[in-house]
Structures are given as C-alpha cells and as structure tokens.
C-alpha cells in the first residue's frame, strides 16, 4: 500500500521551549514582580513570620482550587465548594457535641465532603445535568442544611489538639496548612500530568464524546473529580474550622468565586481542555501576595478585589492583545 | 403556538399554580388580586434582569456582573440626582439605561474583540463595578432624604392600578417577546448560541451578537438599578449583593439552557415569577428563616431535573417510524 | 500566464463565465490552503471541482461565500471585480452555497432555518411569519421534500436536515449555486431528486459548482471540471474531454487503481456472536455471527439504524435485551470501555465529534484507549507512548509534521488514519468501521480498502458499515442488509450484487425472495 | 517617641455607623497626640475577611487593635496570636469571646437596648397592639441578644404583643419583602421594630409604599443621617441609637490606655477621655452609655453629624 515508510518526528518544539513560552512563565513574572513591589512598598513584608501568616490567606482555597482545576479542565465546575465547607464544618461541630475525638472529627469532615461531592457527581453524571446550575442549586442546599441544623447557634469547644490543623506549625514558620498545601499540590500535579487519569481528564475536557468513543469511562472520571473536589472541600473545612476554632453556617461564604478566580488566573481554560497545576500554584501565590501586600498598606478590601478582578481580565487579555498587535 | 406552550413553560406554569394552590390553602389572602399584584411588582426587577440574562445565556455566555451593574448604575443616578435634583425623570431613565448599556458593552467588547470567556470577563467586572461604587462614594450611602421626591416617586406612581415598576416589567416582556421572535436580531441570538459555527456561515457575526446581548443585559440592569434604588430609597455598595445568582437561577428554572440556544422570554418570566412567589410566600407562610436557603436550593435542583427531562432527546425512533409506515 | 487574461478570451470554445476567480491565495497559520488558484463557472452549466482531501475545495467555497477573506486574488462576476467581506455581501451578489458541514440550528423551526438572515419582513420591519412559512413550503415542495416548515429542526433525521440545508441555499435568489459534497448524507432516491434539481437550476441559467468525491456522479451531471491538488489548480476543461483515470491522475498526481484489493476470503472460526439485540425504539432482534478474517458488510439505506446498532454493540447506547459472545464466552458490554476490553472497537462515522479529540496531539489520540498498556501503576511512560504511537501511525502511512501536531490540523483522511491507528494499537479482535471512506478522497480510499483487507488477512474480524454499493460489493465476504431497524437479509458472497442489495434495502418484494 | 498605631477594625467598610466611629477615633487621636489611627475592615461582613485584616495588622506590628467582630468565636485564634505578639486587643460594638480580647466595650448594656426598642414602640401605642421585629440576619449575635432582652421585658408593657420576628439579612430587597409580609400577615400590626439600619430603612419604605404611615410606626435602631427621610415622612415617630462618634472615641481611648499598661481585670476602671470612665464586669465588658432617642424635634440637628 505504501512505497516508503517515513519516520515522523516525535516533537517539533522541545518541552523546555514550550514551557518557557507558557502561561505559567508569564504568571511567574507577575508573581515575582508583585513580590519585589511588595518588598519595596512595605517594610514589614520581608519577614518570615509575616510571610508565613500571609500563606493562610490562600492555602485552604488553593487546596480546593487544585481539585477544581481538574474539574474545570474536564469541562465541569463546582460552585458548591464553599457550601460544602459549611456543611462539613457543621457536621464536625455536631460531632464535637456528641463527644467525638479529633481523629473522628477529621474523618467526619472528609466524609461529609465526599458525600456532598457524590451528590454533585450523581446529579451531573448520573442525571446528565449541567454542572454550573446543579452546583448553584446544591450551593444553596448544602449551606441551607447547615442553617437548618445550626440556625443562629455556634459550635465551638473543639478539642485542643484539633487546633493543630489550622494553627499548628510543623517547623519554625512552616505551618501545617502550608505543608499540606504543598503536598496536595504535588499530588495533584502528579495525577494531572503524569497519570492515565490525568490524560483522561484532558481528553474529556477537549471532547467528551470523543473520549467516550475512545473507551474512556467519562461518567466515572467526572464522578471521581466531583468526589475529589468534595474531599478537598472537606480537607479545607477541617483546616478552616480548626483555624477559626468554631463553626457558623456562614463560614467560608463567597469562597467559590475566589477559588474559580484562582483557577482561571492559573491559566486553566474555563471552557475545559487545558491548564496546569503549576499555574494554579503560582496563581495562589499571586492572589495571596496581592491581598497581603495591599493589606500591609491598609488598602480597603474592596480595592483589593478590584485589583484581583482587573488582574484576572488583564492577565488573560494581555496575550491576546499582544498577538493582535503583532498580526 | 406549539412552540410557545412547549412542555417546559407549561410544566413551570403548572408548578407555579401548584405552589400558589398550596400557599392559598393555608393563607387564602395570598392569592387575592391585590396581593398577587404586589408580588408581581416585587418580582419586577428580577423579571427585567432575567430577560437580559436569558438573552446573554442564549448566546452561550453568562453575565455575572448584572447585580454589580445595577448597584453601580443605581449609585450613579443617585449621585446625579443629588447634584441635579430637578432633572426630569425621563433623563434619569435615559442615563440609567445608557450607563448600564455602556457597562454591558464593556463586557461585550472584551468577549467579542478579545475573545475572553464571558464567565471570566463578568467575574472580573463584577468586582470592578462594585469596587468602583466604593471609590466613587468612599463607601457612603445615599439616603432617602437626599433623593428628590420625583426621583423616589416614579416607580411607585400608579397607572391603571399597577405601579410603574410593574409596567416596566410588562413592557419589557412584550418588547422582548417581539424582539426575540420577530426580529433578525432575535433570531441571531438563538442562532449564535445554538450553533455558533453555523451562525457564521449564515452571515451572523457571533461575537457582535454576543456584544449586543451583553449590551441589552447591561441596559436592563442599568434601568433596574434606578428602579431599585428609588424603590428602596437607598443606594450603597452592597445593593443587590449576590443577586446575580438569583437571576441565573430564574433563567435556569425558566428552561433557559446554560449551553445556549434554548430559552424564551415567557420562560424567563415564569422562572422569575416562580422565585418571586416563593420569596414572597416564605415570610407569609411563616417558615423558619433557617429553612429558606435550603428550600430555594432544592427548588433550583428540582427545576433543573425537570427541565432536563423535558429536553431529553427521544432518539430517532426508527422502529416506531417503521410501524407507522406499515 | 493564463491568469493575466480574462478566461473568456483564452478559451473560445467555452461560454463566458458568470463567475470567475483568479489568483486566489489563502493561508492559515502553518497551512497554505490555496495558492494562486482560479475557477470559472458558466451560466447554465455544472462545473465539478475535484481534489483530494485537503486540496482546498471547501476553502474556495468559503472564499466565494464571504466566510473567508482571501489573502490575494479577485472574484469576478459578469466581468466586474467584487469582494465579499461578509456572507451577506456574497448573498447580495447572488452566490449561495450548500456547505459541507451542516450549518443549521436544532432549536429553530425548519422555516426559520431556511430564512435565517434573510427572512421576509412585514410591518415595522418585523419578520413576517406567515410569508416565511408559505415560502418555505414552496421551496421544500420544489425539491420534493415532505417536511413541515413549522417542525423544529432537532426532530428531523439527518437526510431531512440536509434537505433543509439545500432549501436554505435555494431560498436565496442566486445566480451561482455551490454544492459542497451535497450527496454525502443522502439516500439513492434523494440523490436522484437532487440531480433533477440540478437540471432545473441549469435550465434556469444558474451557474453551479459541484464538489464531490464520487466519480459516477461527476460524470453524470457535470459539464466542466476543475482539479485542485494541494491548494493549487492543476487542470480544467470539459468533462467530455476527459476520462475517469485521467481525472484521478490529475487529482492524485499518480496512477491509482480503482480495483478493490484481491482477497482470498479465507475465514476462520466464529469469533463474535450477537443474538437478540433489542433497543426500545431504534432496532429489534439483531443477531449474527462473525468469523476471524472476515469482512462483514452492513448495507442499508441511510437511516436504517446500522450506526445505532453498532454504537449499541460498542456500549454507547443502553439496550433492552440481547447477548454477545466473544470466542464463545458471553461478555457484557455496558460501556465502550467494556467493549474495548472485550476486543471490540468502533471507528465512528462522525470523525470530528466522535472519532478524534482534535485539540490533543496525534500521539495522545493514538494511545488514549491503550494507556493501561503504556503505563506502570497508572503512571504514563512517555517513551513507551511515543513508541506505540509511532508504530501504528507509520503502519498507516500517516502524513504529519510531527507526532505532537494537534489532530485538528490534519486533513480528513489523515484524521481517519489516526482513529484507525488508535484502535489497532489496542490489538482488537473485532473492528467496526462505520462508513470508513465517507468524505475521503479516492487515493486515501484505496489505501483504507487495502488496509481493511490486510487486517482481515491478519485474522481480525471486520464489520464494515457502508452505504456505497461498490464498496460493499468489492470488499465484503458476506453482507447483512438492514431496513428500518431490522435485519432483512443475509447475503453470501455469491449473492452480493447491486440489485439484490438495493431491493432488500428498499424492501422491494419480488427481489427479496 | 514613635507614634502609637491603633487599628480600628470594623465589620465592613462603607457602613455609615462605622464611618462615624472612625471620626470619633480620629478625634481621640487628635486629643491624645502621637496616635495614628488605621481604619480598616474587610469587603464583606465575614470572619475570614477580618482574619486576613488582622494578619496584616499583626505583620505591621500595630500597637493595638480595636475590633467590631463579625463572629465572636471565629476571630479568637487570630486575635490570640495578635496578643501573643504583644498587641493590645479590645473589641467594641460587636464583641469577641473572652479569650480573644482584653476587654469589650458595649455601646450600651444589652438589657437597656432591649428595653429601649420595645419602649420606642410602646410609647406610641397607648392602647397596646401587635408589634413585630425585623432583624438583620438570623445569625447576627448582637441583634439576637437585644431581641432576647426585649422579649424579657415585654411583660412590663401591657397590651404590647410581639407577633413575629423575621430576618431581612441586611439586604434592602429582602428586608422590604419581609416588611411587606408582616403587613400582609398581621393586618392589625401597629409597629415594626428593626434593630438594624438596613432593616429600619427598608421597613419605612415598605410602610410608606403601602400607604400605612400613621397606622404602622417603624422604629428601632438607625442613624439620624439615614433616618431623616423616615422621620420627615412620619413613618418613624422616633428611633434610638448610641452615638457612634462617641463609641469610636471611647474604643480608641480604651485601647490607648490598655496599650499603655492599664489593668484589665474584672472590676478594673479605665478612663476614656471626655466620656468619663468604664468599670469592667466579670466578663471583662463594660457599657458606654445609654442609647439616645431621636425624633422630629432633634433630627435636623443630628442628621448632618452622623
């Protein structure tokens, strides 16, 4: 059928070259720029303890953002994550009243997160509903349940050793949360970039029908992603509850949009199909540095959110403007 | 006719009747004409916003900045009113609509010319618009006594037994029903969202169509911004905080497909009314306030499930066709 | 150079062109789709545009209809140079097209689809719905389509959708009608009706551009031909002056045998047994066996439910009943993953949507179903991955710049090769090819046929769904004919003739006995 | 000597009440000299937002934090850390649980506020009748404590009948709707008591729009600058509030005193400039002053002040 077999080269551009021209590099420059600007703007910035405190501004959100990144790459979204935190935290609070110990509390927090993820996963993959509206619904539902349970009450008196998750330090200024954040980042980077599962996530995000026709268990993968997102919300719930030492139904209110912002800023295509974990890690630092840096200058919070909003749009618009100018 | 009363809208109508029935069985006063008129009036802002949002969603976009647009425009017209209390109301209306439309155009331009995903654009402008109010006012409120009487009186002026606010909603429903079913632009919204690729072939500029959708949504949000601040006689940064999700929920309940291409003005109207009736009934029915959030969440999920059921494609039904043929 | 002159001056025998194109160049990032091509269309005549996949035929259509702007070159209508900055300006100039891709809207009605963008206006500039419905009715009747103008498009079958697309093109009062592979989705009867339509358009003095990969069609209805190869015009003339092999050679640049590969029809033992396959609405009681080394043809009119059944066999659709045995052992197939695990793979009809993941590179597409094999404990080994991808793409003689080129940048034929490579890499037992050569040019077609024969010779069992009679006759060891969701006949090798196939598929009683 | 930096942390920026308190803080700073006020707060009224603010204040090494808390418990760990780093922490207006601050300054005593809001309604209902409460969110601790206190003194007011407590979440549309709901459900309603500014404004508007001025009296807690319209229209006969300027002033004075070493145990007496001094009870809290009542006779005078 053919006369000659020609060898097709593997790649035209080396992976290194690809990486250098990537979104992540652009974002890294932004991050470095902000770091330098901050250290000039405020004398308090370059201080180990202060920087350590600053990490608390984003670690919990970033943990969820990693799972959310996978979910968004696969073409879905979960807006109920903050509500899952509320529900998981409420469950832990209720368990405290029932005398459950620290290990039990952690398990309950994670289990509730998983269960909520399963509800979302079932509604989306089992019933084939669009995730953005499903999770707008479960967002009210999950937080609504905490309101029903807790009303205007508060759960506190968590065991003393429970405080470690949100307030403990592993070594010097390195907090437990930060270590957890780093570990989770590595785990998700490995899952997404080095495994079959990660490859399936990209394939589904690019063309779910094509992936299904290629023998990928699309429903199962998506369901797993919702489970993971729920689980991460559970982890964040443990950390946040421990850090606050108390639970009210309004806990973590409005986090979902900040988490989505973090993911998108990290270069994940909101329409699915592309994105990377290193990008999200850098985005987490960028958002943390911006809010902390502006906080040191006592800039009102609402101005910070303008800055984040503008950053989101400009960082995404810049490459497009650039290519428009050139061609 | 078949299209207007497609199962989605019919289903919703039945659901609304059901809810009304349940409420009235316990509180007959709720379904008196005057109370229903009051509920409609109260839901009018949501109806106006839902119509705009529906058009945006039709074109495969989403506008999360509507509530922030409303708040910013409301503040701008309030500030104008303070400095020029004698301005005729028609000018205020024009300014509100025009300013809102400009904010919408800003979203639209970013989506059209820079091709940034709409959810990202409006997530960004949502915070930017609200932040701008803070920068404009330093966070200060504009209070009732600072607003001129005509400014405040307009939306509540009664016309044929209904407040002007309600008439705006009714006018918008009529106007946009015509626009969506009987104009080229209306068809273009459906086409651009239903099949963007094919729309290009049919000579429709998808980006520009989306731009107009955002402009309309922005104009309606701006108009609602004036109506809102004058109705509640107060303007501040957090006006209508979080309302964007209610608006999206109204659309979704009204059968608008988040994937674009499917939706109608009557659907958006019914979706808004459904939420409006629940919101108005809950205080009357005396349900614990702690239950309200879970109830509205549950309502959204049920609506989505039902809509999906109504939309389910029936496949090609080759066998049935064969039976008919023989 | 011929392009310097007006075409009518250079060729005295031909009538004056109604539309002519000269020196048109169009580049996409990395691809020169058209370079310096020309094209002439004559009033009352059909010009066939032929060329391999990716030759630039559809691109020239898009240039002519204002969807793409050429980098260079002119469009002349009636000796007047025009430019089409938008699709509307092309419409205004009287150019209309039936595009290769369906350009319709599921949620709109048939009438709205036909008149989108140029609906009749009534008072206040509002769309006049009654006039629209009436005129839609007229146009549909004109092409013999029995479709309700008020029906929602999504309720229509593929063939009817195509008729709507044709009606849409005709709703514009055009002088130039372009048809880009209009018969690809139509049944024989509808194709005949289309031919009649073309005749009547000719009689009205319209200039017609007809793009097709089917040579019988071209020789039947075209008056002139133009051949493109790799984005360049390589020949044109009157159809009566050219023979089929000559045209093929122009197109491919070499001799291609149109004879189907010789096969020794040695089939082995049973490998796949299907019994009592039922779907509540789409098909009923499908049962057959398939043997090693066999090519089993599935014939039927378009819409007979072959694809539906194959997709059910592949685990996409849920069933109400039926059993599958592979090598005698029953298997349960609830998802494509199960099917692949049992050794059944499916090359779908709709390449773009179902076959490839166009934004992923070639190597990732090829290895997608075989990830388990090239990974250790779930971790992908890149070197193994490239090795596997290269092995199979080279076996199929894929043409690509590199293995990390996105599949979306390949031509249709090469995309098909990626899909086949993907499945061969799983080392299947049964391969189902659904319309494997649909929309594929003649050169690649021969390659696909040869490859199919090779697969069978290696002992693979092949199911080939095809609506092309020559292909079915030329390739199959055995044929199953489906009609309206049921098997109506099973033909042994010596019974496979065009006549029996058509009469069974169409349900003509005498022949069916 | 370096300036002493005192951070006045509020529930959220842009609320008139807190803007006025910031004015008072500046006044105190001017009086004390060598004091720099950092007026700050989060975007939304969330505990997480306030923690971020606290973290940045700790990083700047301010001398004292005076906070009006969004959550009495959730802020405790963050504020404890501030105290560990030598920062003086007091809460004012809306309190922090005992472990998280050195003292708390109540604007007024809870029982007194509870009594005042009922009395405001009862004063204009000589024959008694139905009243309803429209509060902020159901989780607002301040409001809930006041409502509890109000319920306790209710038996002292003959014929005054509390028929419902509803929540407007400090959203104007929801509060308005809740007020409408109250009027619909209780046709004989005589007064709506709203111990929150958004709620009282929305109720006024709802009553005005329903044409029930004179029938239903809207009262509760609000700022004169915001309430002037309601008083003018007659929808509100009188309302109360403590002076936010005084509150900010006092909080700053207290923070300054404690940062300079004043004792904070139970029974300790701490001076606060022109406002005299407070004595801490055994929960470490103290009340500043009685709420002050505003009506048509004095609203003109105060509406331009706060």
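First chain written, first letter: the chains are A, B, C and D, and each begins at residue 1.
To be clear about the criterion, a contact is a pair of C-beta atoms (placed from the backbone, for glycine too) under 8 Å apart; a residue touches a chain by one contact, two chains touch by 3 or more.
From a predicted model like this one, the values you see are computed outputs, not experimental measurements.
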Chain at maximum distance from chain A, centres defined as averaged CA atoms: C
CA centroid of chain A to CA centroid of chain B, Å: 30
Whole-Å gap separating chain A and chain D, where each centre is the average of the chain's CA atoms: 36
Whole-Å gap between the CA centroids of chain B and chain C: 43
Whole-Å separation of chain centres (CA-atom averages), chain C against chain D: 73
For chain D, residues that touch 2 or more chains besides their own: 13-14, 44, 138
Sites on chain C at which at least two other chains make contact: none
Residue list for chain A, restricted to those that touch at least two other chains: 147, 151, 300, 302, 305
Overall pattern in which the protein chains touch one another (line/ring/star/complete/other): other
Touching pairs - complete list by chain label: A-B, A-C, A-D, B-C, B-D
For the chain B and chain C complex, residues of the former touching the latter: 2-3, 178, 181-184, 187-188, 190-191, 194-195, 197-205, 261-262, 313-322, 325
Residues of chain C touching chain A in the complex: 314, 316, 335-337, 339-341, 345-346, 348, 353-360, 363-365, 368-369, 371-372, 375, 378-380, 386, 390, 393-395, 397-398, 400-405, 422, 426, 447, 450-451, 454
List of chain D residues in touch with chain B within their complex: 13-16, 19, 44, 138, 164, 166-167, 171-174, 176-178, 180-182, 184-185, 198, 201-202, 204-205, 209, 225-226, 228-230, 232, 303
Interfacial residue positions of chain B with respect to chain A in the complex: 62, 110, 114-117, 119-121, 123-128, 130-132, 134-135, 139, 237, 245, 248-249, 252, 257-259, 288, 290-298, 300-301, 304-305, 308
Partner chain A, residues of chain D touching it in the complex: 13-14, 38, 40-44, 46-49, 51-53, 55-56, 58-61, 71-77, 137-141, 144
